[in-house]
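First comes the structure, then the notes that go with it.
Lettered A, B, C, D, E and F in written order, each chain numbered from 1.
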Amino acid sequence: MKPIKKIEIITDSLELPKLLARLETIGVAGYTVIREVTGMGERGLRAGDELTGVFKNSYIIVACPEEEVSGVVEAVRPILKRFGGVCLVSDAQWVIH
Amino acid sequence: MDASLIVFNLLNPPVLFFFLGLLAVTLKSDLEIPSPLPKFFSLYLLMAIGFRGGVELSHGGLNRRMALLLLAAVLMALLVPLYSFFVLKRRMPLPDAAAIAATYGSVSAVTFITATSFLQRLGIEYGGHLVAAMALMESPAIIVGVLLFRWFAKDNGNGDFSWRELFRDAFLNGSVFLIMGSFAIGALTGDTGWKAMRPFADDIFKGILAFFLLDMGLVAARRLGDLRRAGGFLTAFALLVPITNALIGILLSYLIGLPKGDALMLTVLCASASYIAVPAAMRLAIPEANPSLYVPMALAITFPFNIIAGLPFYLYLINILWS
Amino acid sequence: MDASLIVFNLLNPPVLFFFLGLLAVTLKSDLEIPSPLPKFFSLYLLMAIGFRGGVELSHGGLNRRMALLLLAAVLMALLVPLYSFFVLKRRMPLPDAAAIAATYGSVSAVTFITATSFLQRLGIEYGGHLVAAMALMESPAIIVGVLLFRWFAKDNGNGDFSWRELFRDAFLNGSVFLIMGSFAIGALTGDTGWKAMRPFADDIFKGILAFFLLDMGLVAARRLGDLRRAGGFLTAFALLVPITNALIGILLSYLIGLPKGDALMLTVLCASASYIAVPAAMRLAIPEANPSLYVPMALAITFPFNIIAGLPFYLYLINILWS
Amino acid sequence: MKPIKKIEIITDSLELPKLLARLETIGVAGYTVIREVTGMGERGLRAGDELTGVFKNSYIIVACPEEEVSGVVEAVRPILKRFGGVCLVSDAQWVIH
Amino acid sequence: MDASLIVFNLLNPPVLFFFLGLLAVTLKSDLEIPSPLPKFFSLYLLMAIGFRGGVELSHGGLNRRMALLLLAAVLMALLVPLYSFFVLKRRMPLPDAAAIAATYGSVSAVTFITATSFLQRLGIEYGGHLVAAMALMESPAIIVGVLLFRWFAKDNGNGDFSWRELFRDAFLNGSVFLIMGSFAIGALTGDTGWKAMRPFADDIFKGILAFFLLDMGLVAARRLGDLRRAGGFLTAFALLVPITNALIGILLSYLIGLPKGDALMLTVLCASASYIAVPAAMRLAIPEANPSLYVPMALAITFPFNIIAGLPFYLYLINILWS
Amino acid sequence: MKPIKKIEIITDSLELPKLLARLETIGVAGYTVIREVTGMGERGLRAGDELTGVFKNSYIIVACPEEEVSGVVEAVRPILKRFGGVCLVSDAQWVIH
């Protein structure tokens, strides 16, 4: 096991393609996406109705070495600023397989 | 105005299922149509209506009157967001004004579809080119809305914005693309295609529409709460602007000399407001705009108004003018 | 009893698809109907059966016999959980006794639906008011079950419990609401509505039922394991109580003088047990009760028993008595 | 980035509306919900079949300042007690945008 | 070869919807069919085609020619992966060679289904036993592929591998199981069953197929990128091997003396490659193999080739030979 | 609240049944599963199309006492080795209810 940082991002589903493209550009080794989550925050309730497609969030997890964190955060921040959302960073151990 | 036309319109199962949805939320029933079924119903409806329009177009080419109709449709899609924007700008922040303007400039496919079922029950025909008109009216308002916003906004130097993406979102978003594609396939395969697809695209249509409107009722009722915050001005806007646009639509139809069915459909397009294509595009292009305003206005006021009172009212006016 | 009636009942595609589902799990095939499709099928079935019932009711008003039928239905929905509770209470914890009692007092819409397709194939008619009977029978048992539980439980002073919520869950849960709403829409729009909705609500009905029963087979087989833990008493209960209730149902039908079709449908309602409305309500009102008991009893024993052996058996008895 | 607590709650989907209402009552700034998760625990397998609707869980994430944790926990605990489930609290860094 | 047959084949709405899907991805439209709808469509298609095949088989028993056809089908399902493997082994890692070999030995139900709709439009009949042939051809190639891999691989002593599981994955995976089960139900219930299920299993079939092919177009186009990495050899393989297999299929059909319709269907089965049953099995049995090779080959090259050019081309050859 | 370890596993959906069986064999007290997540990693993009069923991941969460971690990790590692995926271990507090 080696120490690693876990970055969790929750943001507007409509921005997901752009966000993933950015992650790939800065060269993260991997990510995982839960495409449909709902939620509440500063921008009010986002209860995920299908009709309008504008009230849904996506949840993205990136596990990466500490030194890459700031790169990811800088890539994500403008999107969060414009479209809302949350970005959490925490510690974890990566099981080497 | 004949009240029987309103009652006749209401006694349509799909419309009643819309009310059932409203009622469910009002009574706090836990009824819900789980995701992604509403999305599927909406894809189905777009495909079916597009295909059908294409097949009908294949029966006869474009004539001058049709061309004028299409022109009028595009004109309305450009002018409505323009005048709406200036009305709105005086009362609210720029981003919201632009987003609401785009909402009312664009169209609602489900209102259109409900209108077709209204006409069908009355035995009044309409042409397949109306579907083309609908497809043409979906996108321009998006562009106009964003243009206006960026023109008037001070900090329009946002580095993240790309016109290229906006045009793609406006003209190639899933619903516009599917309706245009199905229209083309319908036009290509004509009656042979229709024969093969009819049980799917026509026979079960009303049933799927009923399910979809049930969900619209649920969603509209849930969004009604947002409107209280929006206030009286926007509620009035959501009722008066559609009526104004409908009146212009009737006038244009009269001038072009459209048959009654086509006139009603064009009118309904003018009167309707988008809650699918526009919100998605606005969310990306003007994220500063508050979707809790423009979505419930279109979904929880204008849509119900149009399918309940609008349809019979517009037809009533047309019946008078055309006679 | 004529074996051919059993075979006839089995050779119905939907019933066979139920077996296919059981077989898939037995053979460890990875076949599955992904969520939320089963939910959609169940909404569809409720909507279709409700709508159809309403349309049929619109053909003729309520007469005395119908009123008696509805009365009998409600009576059964109140008495069955009562007697079941006292039978169960002696052998198991209070919460489980109450939940199982409610399960058997309420009804299974899909058993009802399978019975309609059984009758239809035999050319036997039944009245639309039976759908009303079904809707009326869904909820009372929930209230009775919870009442009994709270009466006998010592610590019934739970601060979190609200009768208001319970009534809402019982009478306005999604499935009850949809069936009643569709029934009303069917009754309002009558034959015109039926004509519009028929391809959706009737023609493809059997196919969707087949898909749904395939999933029921999968789920029932998966839940069978839970029953082993439940033991012989509950398994016997899940077979004998439905039969008892069916016999009472037949008797009541006979006394009221119902036609054969109506008699079978009422009997099936009495015999069936709920695995949709009741579990959801119990989970909220008596969370102490173990759903791994009451769900598989209804789903993996009573349901298959009713649709396989029950239907022909009940009809056999009715045929004898009525002749 | 500022330190924050991440609260993860897994409980019966049927209780979700009530749980969210409580969170809103005590004034959390936001939450995120994954509506359909399955699982296993003390109350046995909850494999999420659609038919009965009673074997499904929901997963709720609340990021909040340390001082709000006990409020959330107290709001959630009675529900977990009655309906089962799990509540985990961990440390994270909130990316300010 | 008559170009009109190609055009005729293309002017089929489902095929055109496949192109629409390709186009959507090319133009970067955000059109998508949300999960799990494609899964549902695929379950529906398997159920419908299986059921129909069973019903048709119930019309007449098995004769010698049919038995030979089934034998030929199984033979092809065993031989194709064998020869493909040795062709591939020289150019690529063992796991990929085995997985691609299995892919081409097995069959694509949707190609088969598209072929039935092609024949139907031409008024050419085919027998229900062809569905049995399809079911028989799904699994053997999986076993052959894994056998070959484990024979040639050095470290085949993987502790985690179980032949039992492999056989279950091959013969009882969801799609194979559903098609065989529906086939059996169709054969058991015959014309009575067909009458009940027809509106679901037949009338709306083309529409659901269109929706499914729309999604196939989307997925195929998205996967095309993977192929660039795969290189020219595999692209050539994905075109030439189907043609070769089709030629052998035509030859066998000729020798057995099959009627035209049956001949085309057998040919199409030989020519098609699996992207449902095989990838799932390979992923479990040979996880070392790269799905970004075998999936897009089957899905993005062989499938479109077969339904666009293959169908008319194979029929053209059959028309010549049989005349 | 008592300290606990949170194990997050992301791996091929096709292996999910086997993985859960193993977890039950070694006797974990509970787990939670999010059945459909997509992602990117060493094995490329796994964007979750339905047609082939081979490009989907599942996300499993196990909360367990520190002493059980190595058991879980050893049970999971061979699957990750063969089929790819990620396993993260982090600290959390378990709310006792």
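Simple rule for what comes next: contacts are C-beta pairs under 8 Å (C-beta built on N, C-alpha and C of every residue); 3 or more make two chains touch, one makes a residue touch a chain.
Worth saying up front: this structure is predicted, and the values here are computed from it rather than measured.
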item	value
Chains touching both chain A and chain C	B, D
Per Cα centroids, the chain farthest from chain B	F
Relative to chain E, chain with the most remote C-alpha centre	D
Chain centre separation in whole Å, for chain E relative to chain B (CA means)	41
Rounded Å distance, chain A centre to chain F centre (Cα mean)	19
Chain centre separation in whole Å, for chain F relative to chain B (CA means)	45
Numbers and ranges of chain B residues touching at least 2 other chains	35-37, 39, 199, 203-204
Two or more partner chains touched - positions in chain D	34, 90-91
Interchain pairs in contact, sorted by label	A-B, A-D, A-F, B-C, B-E, C-D, C-E, D-F, E-F
Residue ranges of chain E touching chain B (in the complex, touch as defined)	11-13, 16-17, 20, 23-24, 27-37, 117, 121, 199, 203-208, 210-211
Residue ranges of chain E touching chain F (in the complex, touch as defined)	35-39, 42, 160, 215-216, 219, 222, 275-276, 279-280, 282-284, 287, 291-292, 295, 299
In the complex with chain E, residue positions of chain B that touch it	35-36, 39-40, 43-44, 47, 51, 168-169, 172-174, 177-178, 181-182, 185, 188-189, 192-193, 196-197, 199-201, 203-204
Of all residues in chain F, those that touch chain D in their complex	1, 4, 6, 20, 24, 29-35, 61, 63, 90-95, 97
Chain D - residues contacting chain F, complex	8, 10, 34, 37-42, 57, 59, 73, 76-77, 80-81, 85-91
